[in-house]
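Think of it as A, B and C in the order they're written, each chain with its own count starting at 1.
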Amino acid sequence: MENQNIERDIKATLKKNWRLFRQSRLGITGLVIVIFFGFLAILQPILFLTNVWDEATYHPVVGYDAEQVTRTVVECPDEYPTREYETKEDCPRVDEVNIRYLKAFNIQVEVGDLYESNVQPAPPSSRHLLGTDSLGRDIFSQIMEGSQVAFLLGLISAIIGVGISTLLGTAAAFYGGKLDTYLMRQSDLVLMLPSLPFLFIISAFAELKVWHLAIVLGTLGGLGGSVITIKSQALQVKVKPFVDSARITGGSKRRIMFSHILPNVAPLALLYMVFSVTGAIASESVLSFLGLLNIDMSWGIMIYLAQTEGFIFTGLKYWWLILPAGLAVTLLAGGFYLVGRGLDDVFNPRLRRR
Amino acid sequence: MSQKLLEVTNLSMHYDTLDGNVDAVKNVSFTVNSGESFGLVGESGCGKTSVAMTLLQLQPDNSVITEGSIKLEGKELIGLSENDLRKVRWDSISIVFQGAMNAWNPVIKIGEQIREAMREHYPQNSKQENINKINELFKMVGLDESISERFPHELSGGMKQRAVIALALSCDPKIIIADEPTTALDVVIQDQILNEIKKVQNLLGLSLIYISHDIAVIAEMTDKIAVMYAGSIVEIGPTQSVFESPKHSYTRALLDSTPSIRGEKKKLRSLDGEPPSLINEIQGCSFSPRCPSPSSGCKNQSVEMGLIQIGEEHFVDKCCSECV
Amino acid sequence: MGKNILEVRNLVKHFEVSKSVFSRNKKIVKAVDGISFDIKAGETLGLVGQSGCGKTTTARSLCLLDPKTSGTVNFNNPETSKMESIDEIDDDGIRVFRRNMQMIFQDPYESLNPRWTIKDIIKEPLDIHNIGSLAEREDAIVEILRTVGLTPPENYLKRYPHEISGGQRQRVSIARTLVMKPKFVICDEPTSMLDVSIRISIMDLMLNLAKELDVSYLYITHDLAVARYMCNRIAVMFNGKIVEIAETEELLQNPIHPYTKRLISSIPIPDPSYKRERYEINFDELDKIISNNTDEQMVDVGNEHLVATHDTKGFFIET
């Protein structure tokens, strides 16, 4: 009977919060995006386990699949326009291959021969929904793998960061004095620290894996500005009569901090957590793009590969190498941000319209 | 004296909220004559502030007036354009609301803020004319002239509230609505403010609508009162007659639960229960669940609410006309 | 009513306030400036005055929320039945003191932890002082909920503060306060934020519990009408000092200090036919006299009616 009551109460609270969250279009948009990428992240291992995809073909890192095409060998002229080609860009055509190019690899052919070759990167097809990269790996599978990395990194770094800032912020508010001064100056220092150059330096000295990066990003975020925000919230809670009431009764400092102040700071901390996921995902992409991380696959790595192999300046000709990964980073980072905005409406009654 | 100034008839209004419609004002009618003090008394959430806001057409965006009319000197206010309303506000009706003293802009001098309001309404006045008038008003509410050159943070709560009254008077209104103007203040300062309001009212021959939960303040300030419960007026009449012979159980309960420092120390009576939620439509008498002696008609909620006359200008809700 | 349960002598609480961020000289605000009073067992003493007069500061110093600047506070230790000074007792003594001294706050919306259930809120004092077994604590909670009129208790145990009304919250506050059966409770305007129709039921509840559980109250309020209803004696406070203290009816009928007279004359009377007369005083002058005088004394004018004298010549001259 009693249990039913609690269940009903929790359900009612959740229902009310959900109703508030649902009011925020931004939040719902964000949630849809996050759920979509979450789905992608979970889908990949399922596809492998159920043997819908075989690993040799579809593995994001070591898979290989080549598309065979037959092309006519031609020799591109030195001067344009000619009868066949109007400009330099027209030669070779899609079904042709330049003999000079093949000669460079010491392949013995004559003009007019048919030459059989692999297409890498291959454009999207029914076999590879988003095509393959320059090493013949499935892009869609890589996007899914990248999604796992993004969630792992984002959530771990956010949890670490929020854990640190909640604990330190609450402690600063509760104990005050020298501890407070020290923590605030430290947080100023971390805020002033240009974080990307700092990460470059770290990656020069140590090989950064996803885990390491999550810890570094989490710690940086946790020591920075969020400590100040959490502290100011904790200060507001500290002077509430229910805290006084616990003090009058003789409650220990630990009890007051962990039982009274922390739970009342928690919603704000959760909000910060969601926002900091955005930052973590973006930082990972930048570092990977610069080739500073020791990660097998991520969205940043995908763009990095496209760039190092010279596909990035080819306009939209090889769009499947850059666009999916770029969009994924933007969408998921933005999605978490939007969820944060939606939660803001739930936790900050002042922002509510009614 | 007996000229009708403000006439509210069958006013109904609800708020559209997430949880459903909140029926804040239900079928409220009253008139205020010129020079008269009219009191609206009731507990928090009974709809008295909603009535005040509707009189000025300042109700929040999610409110919907479903019925009724508000006529000021015969002119309908509901449905007036924002421009016309601006003229009516302050010009004819002005309001001193709870916590208004905290609504001063902290970086502008008090006098300048009042002059700003006056410029809006009397564009033809010269600056000196406005200053003279403010000085006059300050004298009326017991403030020194030098206050107009001060910033809000330099003044005490009571002084700020007096300045609010001066602001409310600055555009020569005919009615002042005072919505719990002293609730956040101390007894001594409350006493001073009440005194100023009464003095100014007599001096300028204004009508006053005084809204409060404090029946003792209402007793001193008003000629006529309306008791509100759950959005409806349950009893209305001359203050003297309502206090001497309350007919509604709720009025009775309010009087019985107010401690006084005068007379015999008597055992006060409390009212069981809580006011009903206004979200669900209430069938029949809204007070019957708390009524100490409900009639059978009230209990099974078959009686519709509505005022009936029981004395000279004294009306009571028919559900409870014979409760006391 | 008999022996004293609390004796306060020359309680002083000063705050240092820096005038601005850059100035070094600090201004001292004398929030409570040497007040003395006794509270007898089973008695309710009202502490009445305007906001800023030091009522709440007194309360916070008495229950050790803020350390007092000077003065002595003696309490009747129920375990030894002796008066003990709270400055001289050991940690065990402080625990006894805390168990017997509780406070009810003004704001029912802020005085209960919003993330705790009613049961946890009431249980906390028992947990802190380790009173009884777990089962006994549960029983005590159900019992006290019934005592404060929240019936049936099972309906309330699992609820959160925001799910109940203001009046019910204040009842929960009272339950939490009384669950340890303290001897002395400080009430800081506990009904001022409640609606009139609910206010009386809370005051009646407190009065009944005082009799039933033999509790003394220090009842802080700015409303003399409420104080008259609740209190056996009333102390009037002005600018950090007690200016008059007497039995309730005696104080209301024969006020002597001009401030008391002013205070009484500003209470509205719920009777439209009664024309109240104001007793005007010059607050600036009173303020000057009181803050410039350091050697005022409380003079007994009979019937334990004490009035402060502010100059050597005798009573304050009426303005």
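One rule holds for everything that comes next: a contact is a pair of C-beta atoms (placed from the backbone, for glycine too) under 8 Å apart; a residue touches a chain by one contact, two chains touch by 3 or more.
Fair warning: this is a prediction, and the values are worked out from it, not measured in the lab.
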Chain pair that, of all pairs, has the most C-beta pairs in contact: B-C
Farthest chain relative to subunit C (centres taken as mean CA coordinates): A
Separation of subunit A from subunit C, taking each centre as the mean of its C-alpha atoms, in whole Å: 57
Please tell me the distance, in whole Å, between the geometric centres of subunit B and subunit C computed from their C-alpha atoms. 33
When you check subunit B against every other chain, which residues touch at least two of them? none
Contacts from subunit C onto subunit A in the complex sit at residues 60, 63-65, 94-95, 98-99, 101-103, 105-107, 110-115, 124-125, 128-129, 154, 157-160, 163, 173, 176, 180
Quick one: which bits of subunit B touch subunit C in the complex? Just the residue numbers, please. 43-44, 186-192, 194-195, 213-217, 219-220, 239-240, 243, 253-255, 257-262, 265, 268-272, 274-275
Flag every residue of subunit C that touches subunit B in the complex, lowest number first. 50-51, 165, 167, 195-201, 203-204, 222-226, 228-229, 249, 252, 262-274, 276, 278
Of all residues in subunit A, which touch subunit C in the complex? 2, 5-6, 9, 240-242, 244-252, 255, 259-260, 263-264
